[in-house]
Amino acid sequence: MNRKLVSMVTVGALAVSGAALSGCASSSTKSGGASKSAGAPVHGGNLTIARAQDAKSMNNILTFDNSSIFIFEQIMEPLFTVTADGKATKPLLATGYKVSADKKTYTINLRKGVKFSTGKEMTSADVKFSIDQDTKHASTGWGFINSAIQQVQAAGKYTVVIKLKHAWAPLIADLALFSNAIVPNNYDGKTMAEFYQAPVGTGPFKWGQWKRGEYLKLVANTGYWQKGKPYLDSVTWNVVPDSNTRKLQVQGGQADIDEYPDWSTFKSLGTGSNVIAKTFPSTELDYLAFNEKKKPFQDVHVRRAISAMIDRSAINKAVLFGNGTPANSLLMPGVPFYQKSTPGIMKNDALAKKELAASSVPKGFSTTLLIPSGDASKLSTAQIIQNDLQQYNIKVTIKQLDPTANHNAQQNMQYDMGLSAWTMDIPDPDEWTSFAIDPDGGAKSAYTNYRSAEAIKLNRQAQQSVDHSTRAELYNQLQDVVAHDAPFAFLYYAPYAYGVSDKVQNFNVTPLGNYPLTDVWKSK
Amino acid sequence: MSVVALSRTVEPLLSVQHLTIGIPSSGGGHATLVRDVSFEVGPGVRYGLVGESGSGKSMTLKAIAGLLPRGVEVLEGEIHFDGDDVLTMSPHERRRIMGPRMAMIFQEPMTALNPTTRVGKQIAEGPRRHLGLSKADAQELAVDMIRRTGIPDPARRARAYPHELSGGLRQRIMIAMALSCKPALVLCDEPTTALDVTVQDQVLRLLAQLCDDMGSALTFVTHDLAVVSQTCSRLSVMYAGRIMEEGNVREVYEAPQHPYTEALFQSAPDFDDPGRRLAPIPGLPPSLTDPPPGCPFAPRCQYAIESCSTGSKPLVEVRHRHLSACDLADQIFGGTR
Amino acid sequence: MLSRLKFVPMRLLQAVPVAFGVTLVVFFMVHLIPGNPAESILGAQATPAKVAALTDQMGLNQPVVQQYWHFLSNLAHGNLGESYTYQVPVLTLVWQRAPVTLLLVAYSVVLMLIISIPLSMLAASRPGHVRDHAVRVIPLVGLGMPQFWVGVMLLLVFAVGTGWFPVGGYGDTMMDHLWYLFLPALTLAISISPVIIRSLRASMLNVLESDYVATARSKGAGGRSLFAGHVLRNAIIPAVSIVGVNLGYLVGGTLVIEKVFAIPGLGSMLIESIFARDFPSVQAVALFVAVFVVLVGVLTDVVYTLLDPRVDLTQRMNA
Amino acid sequence: MTTFSLTHRFRPSRREARPAARRLRPWYQNRSLVAGLVIVCIMVLLAVLAPVLAPYNPIKQNLNEALQGPSGAHWLGTDKLGRDVLSRLLYGARVDLRIGFLAVIIPFVVGTILGAIAGYFGGWLDIIIMRIVDVFYAFPLFLLVIALVFVLGPGESSIYLAIALVSWVSYCKIVRGEVIVARQQEYVQAARLGGLNNARVLGRHIGPNVISQAITYAMSDIVMDIMVIVTLGYLGLGITPPTAEWGSMIADAQEFITTLWWMAVVPGVAVVITGLGLSLIGDGLTDLLSPERRK
């Protein structure tokens, strides 16, 4: 169990319709980790990654956990991919696209001479099959992301035409999602289950061997369409559940990358001569959710008071050891339309007293705080919040449940306050805003039952408006409204943390959490 | 107490001199179990040590075998065997003579054998270690020894485990084990006490006959006057850790020279005179931590006079090779023969 | 005297109700815990609608009793079902992970004996001596320290510090396994040795005071031959039943060690599948552990009768 | 005087009286029992006097003094949230000793009774009880605990029940073994012949002799219970924070083992000392209650 289990990358069920997107919003988080390039890349070597959990399945259409996604992204490539700053898309297996006047037909040109690891060349038939397969699995998989697609046609050998039901700006971002990655037509005659036992793609690496619970190994795809890449011979993900052991393995040279170091030992990880403690800007927001179905959380004053009591910098110092930044808004710095100036409530004793006095429970009350067990950061955060609220005579009992039971309690609204987190999958805010503030968005406003007509109106408008600047204005207003209504107390933005051996070059993690290994190489 | 030099017929196999055994407790007076005991056993001789419980006879035997329990030590004296003092031997030297030269038979046949090993193998252990026999030869010797103890179908019996045999059979196995290396001296610690009477008689006869065959001497500890008379030629009567009387069995039985020996006979039933009233010895044996001065039996002795409870009461030869620790022996039991 | 050939099958028959009992209790226990596999698979950011759809698809909405009946009928055909997490027959997962845990446990028992026997001999040879008290007290530290702390300390010193051993992992060849599993087995041995040392020392003391040891001494046996031939052979008997009893528990209890040393054993599989509500995996591991515990029980009885001829199998039948 | 024939003789006691060292010494001379009692009493005293002795409030956080090593102000340093480790250790003693001792009582009583019944009566009763015992022996502890943690909510109650449900089995096996041995002893057959009904025989005769093993095991069982809590803490299923408790302290320190390795040692030492005291008591009791099992 670890933090990643909770903030796993998944997507809300709401169909997304919105204006064309662009990546001009500036990013304010400190971007670290651009490793110094040490001369020309060296070919060869095996990259060993020590991780907390084993992958679950290679089926890119039905799988939601990070451990699996990070692996099959190295095998199967989509038409487009995310830029390094995670804010925009760039062509990958496609070379470009044209949009019809009514914005409902997209003509996409494919890159020529791209071969699958089996040697078969990628054509439009493969692209049509791959996208249609994803669309078919909407109820239990990622298919809902293609809900706006009417039809996919293979116009020529290297051109694909996509017809939409209605104007749909984020199409290209959707096509960049791993669930729309390109696989051989009809899975080369295998059934879906058989195919995903040893998936075939056009990516830099191809299937090696998987000893479940122990390690998973991919080997370099020598026929990769980007000549001369990948630099590595193979990549092995070892399952090492204990954080200390992962750290010792990286320091001992038995592993090159610790995929999930503990914050508590993160700084000391770097003190070792051969290991660099790297942080990458993320789209992770950790927040405290109030269940408005339970008294007294339907009272905005109570929510605002509590939000003002929480010492976010203390949490950042004690839990993230200074690596995070206090969160001021619903959106995260790594996401387009994030408004830096959103007046999110921060620690403010005067405000807390004022709001509490104006609330329905001025003398305080007793309540519970639900957290997933086995997560050291959440446990510490909960105890700090408990201590902060204690000063105002709000008695908090911490309730720990194992992650699945915790999630079940949230879904059934059987909690008072709960600690949760969210990371984005595609570079567009709507996925999170709909999940978080739209009660009919399928998740009862992230299980808070928050219902604000104004917020819902703003969010709906933002989805449909095509013009970038109007969308920006709408999202700014939305962030202000949510900051005022405080359905959540935003706690902190936590960067992604990796322990990387100094022999590993060009290792970068995008704000959406994945790390392409195409350009990674190991100096001797 | 000095030993009167007995007329020596032949070099003694075992010579115990002024042996004193006690428990050196850190607290006050330490208990003395055996005080200044001396006797000798010639080759082939069968020597008895008789006495009630707590008389120190068994402790003396264990001292000779070097098997004193933890916390009990030899405070004084020497034990010469084959000419060397076993007390000064190193454990290694001591182990080299245990088996081939000196062997022991214990009282409890039920627990004296290793419950997890077949009896044949246990008998073969000694010969293998000391006579350097191969496994097969040693096993063969064991079966032969079992046969000589009169146990039917010895080959099958050799493969049995101790718990599959009766008490009598087990004691025969013990005898076979003890005599497997033809020892010069066999120490017996009440070997037949745990057996019922009929089996006891067979075992004693077997033991005597085997010892004669092999020329082994015997040091036989028992509380049973009848057993001594049947088995041994010479004996010592012990009381409260000291020898009261020593002599040839026939002479001692016919003319005991010490009131304690006489009292012992009085308190035992007599087959020839079934009507005689048994006269139990009044009082209790003395405490071991502070023994009474003079003769330890004085407090319970019917002839006791003032001088009995003073002096060191040494063993004195009152008749030819017949010693007594009682000053009044002559007056009580008449002159020499 | 029940012959061993008849004894083993009879004891195995006894195992059937036990294994059945375990699966029954485990099945309902796992279903008792809130949250179902769909939630675990879809993760924290999935919506209730998606969870409901997957739950339906996996047939988890049927009443528990019906699901149990379904499970039993599959079991009858030797089919334990597929893991919800890995979509792979659970049996293959168990066959891959069971040898790891069994090797770890066996290895730790060997190390435990190597630690316990000499120490017990040391203590029993001079009771009441400083040596005796030391042997009684020091292993208690092993009992008191949590396994994960001992594990990480061993890693710090012997893996990172001196580099003699790898930091966790399992390796591929058999030689690798013994090298990789040394520190974990040592950690496990340290935590079970105190119990064995206490029993072994006590029974050694009893044996040393027994008459047959005096007999052995009277036959010139001493030192090593006395200890090996007579004392150890009798003193080990109570320890055998203690090891037997704990062995079964150990297989389920190696979780912490497997987590610290990154060993893909049954313990970690059990806890992972419990948290993921991967019912078939939990069933399979619970069943395997149950059968293993019974097999160990039978093995202990047979070994017991081999070591101690006085005990015959009928006595052990319903021990 | 005539020779005596073998048929006439008198029998003394079967064995010569053993040397004085073996007599039954009063309990206060039994060194390990006294040492054990002293240790455990000290721990209990520390626990009771915790409010007086503890320099700080165990759950008061002081984030800018977090993770400090031992110092004048904090003799044993501070934890991740700046709380005083020494105070938490003292208050932790309360929780752990309470859990340790209470968690043992139910299994001890239940296990002993069932074990005695199974051992004494044998037959069908014995087989049924032993099969149930087998099921619990083969039962994965963690599955049980997680289920209970939800049904009863995390915290002490579920831990008590989980430990009780699992560890009664050991007592049952131990007592059953002892009762079977005792049943064949002469003193029990004599009691039964003397017309005593089974309950009295079990209670007055077999009970006292058999209970010693169970008590000895109880002592080590307490240590194991504390270790169960530590392992649960490590898995995140332990005592609800912010209660000071040794198990959670060790689990919390687990993050810092490679940097501040002593943080796990301090509560660990407390567990070891308590365990030592209890084991010594166990040994001492074994000597006293069952002399023939002399150490």
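Quick notes on this structure:
Letters A, B, C and D mark the chains as written, and numbering starts fresh at 1 in each.
Just so it is clear, a residue touches a chain if its C-beta (ideal position, glycine included) is under 8 Å from a C-beta of that chain, and two chains touch if they have at least 3 such contacts.
Because the structure is a prediction, the values reported are computed rather than measured.
Legend note: the chain whose CA centroid lies nearest the centroid of all displayed protein CA atoms is C. When every chain is reduced to the mean of its CA atoms, the largest separation from subunit C belongs to B.
The chain pair with more C-beta contacts between its two chains, of A-D and A-C, is A-C. Annotation: 92 Å between the Cα-based centres of subunit A and subunit B.
Per-chain Cα centroids separate subunit A from subunit D by 49 Å. Computed centre separation for the pair subunit A/subunit C is 40 angstrom, with centres defined by C-alpha atoms. The mean-CA centres of subunit B and subunit C are about 54 angstrom from one another, to the nearest whole unit.
Looking at subunit B, residues 69 sit in touch with two or more other chains.
Within subunit C, contacts with two or more other chains are made by residues 33-34, 127, 148, 152, 156, 274-275. Among the residues of subunit D, those touching two or more other chains are numbered 146, 150, 235, 254, 257-258. Remark: subunit D residues 122, 126-127, 130-132, 134-135, 137-144, 146-147, 150-151, 170, 173, 177, 220, 223, 227, 230-231, 234-235, 250, 254, 257-258, 261, 264-265, 268-269, 271-276, 279, 283, 293-295 touch subunit C in the complex. Against subunit D, the residues of subunit C that register as touching in their complex are 14, 17-19, 21-22, 25-26, 29-30, 32-34, 127, 136-137, 140-141, 143-149, 152-153, 156, 195, 198, 202, 205-206, 245, 248-249, 252-253, 255-256, 270-271, 274-275, 282, 285-286, 289-290, 292-294, 297, 318-319.
Within the complex formed with subunit C, the subunit A residues making contact are 1, 5-13, 50, 56-57, 64-65, 139-140, 193, 211-214, 238-242, 244-245, 248-249, 251-252, 254, 402-409, 411, 420-422, 435, 441-444.
On the side of subunit C, the complex with subunit B involves touching residues 127, 209-212, 214-222, 225, 229-230, 233-234, 237, 307-310. Of all residues in subunit C, those touching subunit A in their complex are 33-36, 39-51, 53-54, 57, 85-88, 93, 96-97, 148, 152, 155-156, 159-160, 163, 166-170, 258-262, 264, 268-269, 272, 274-277.
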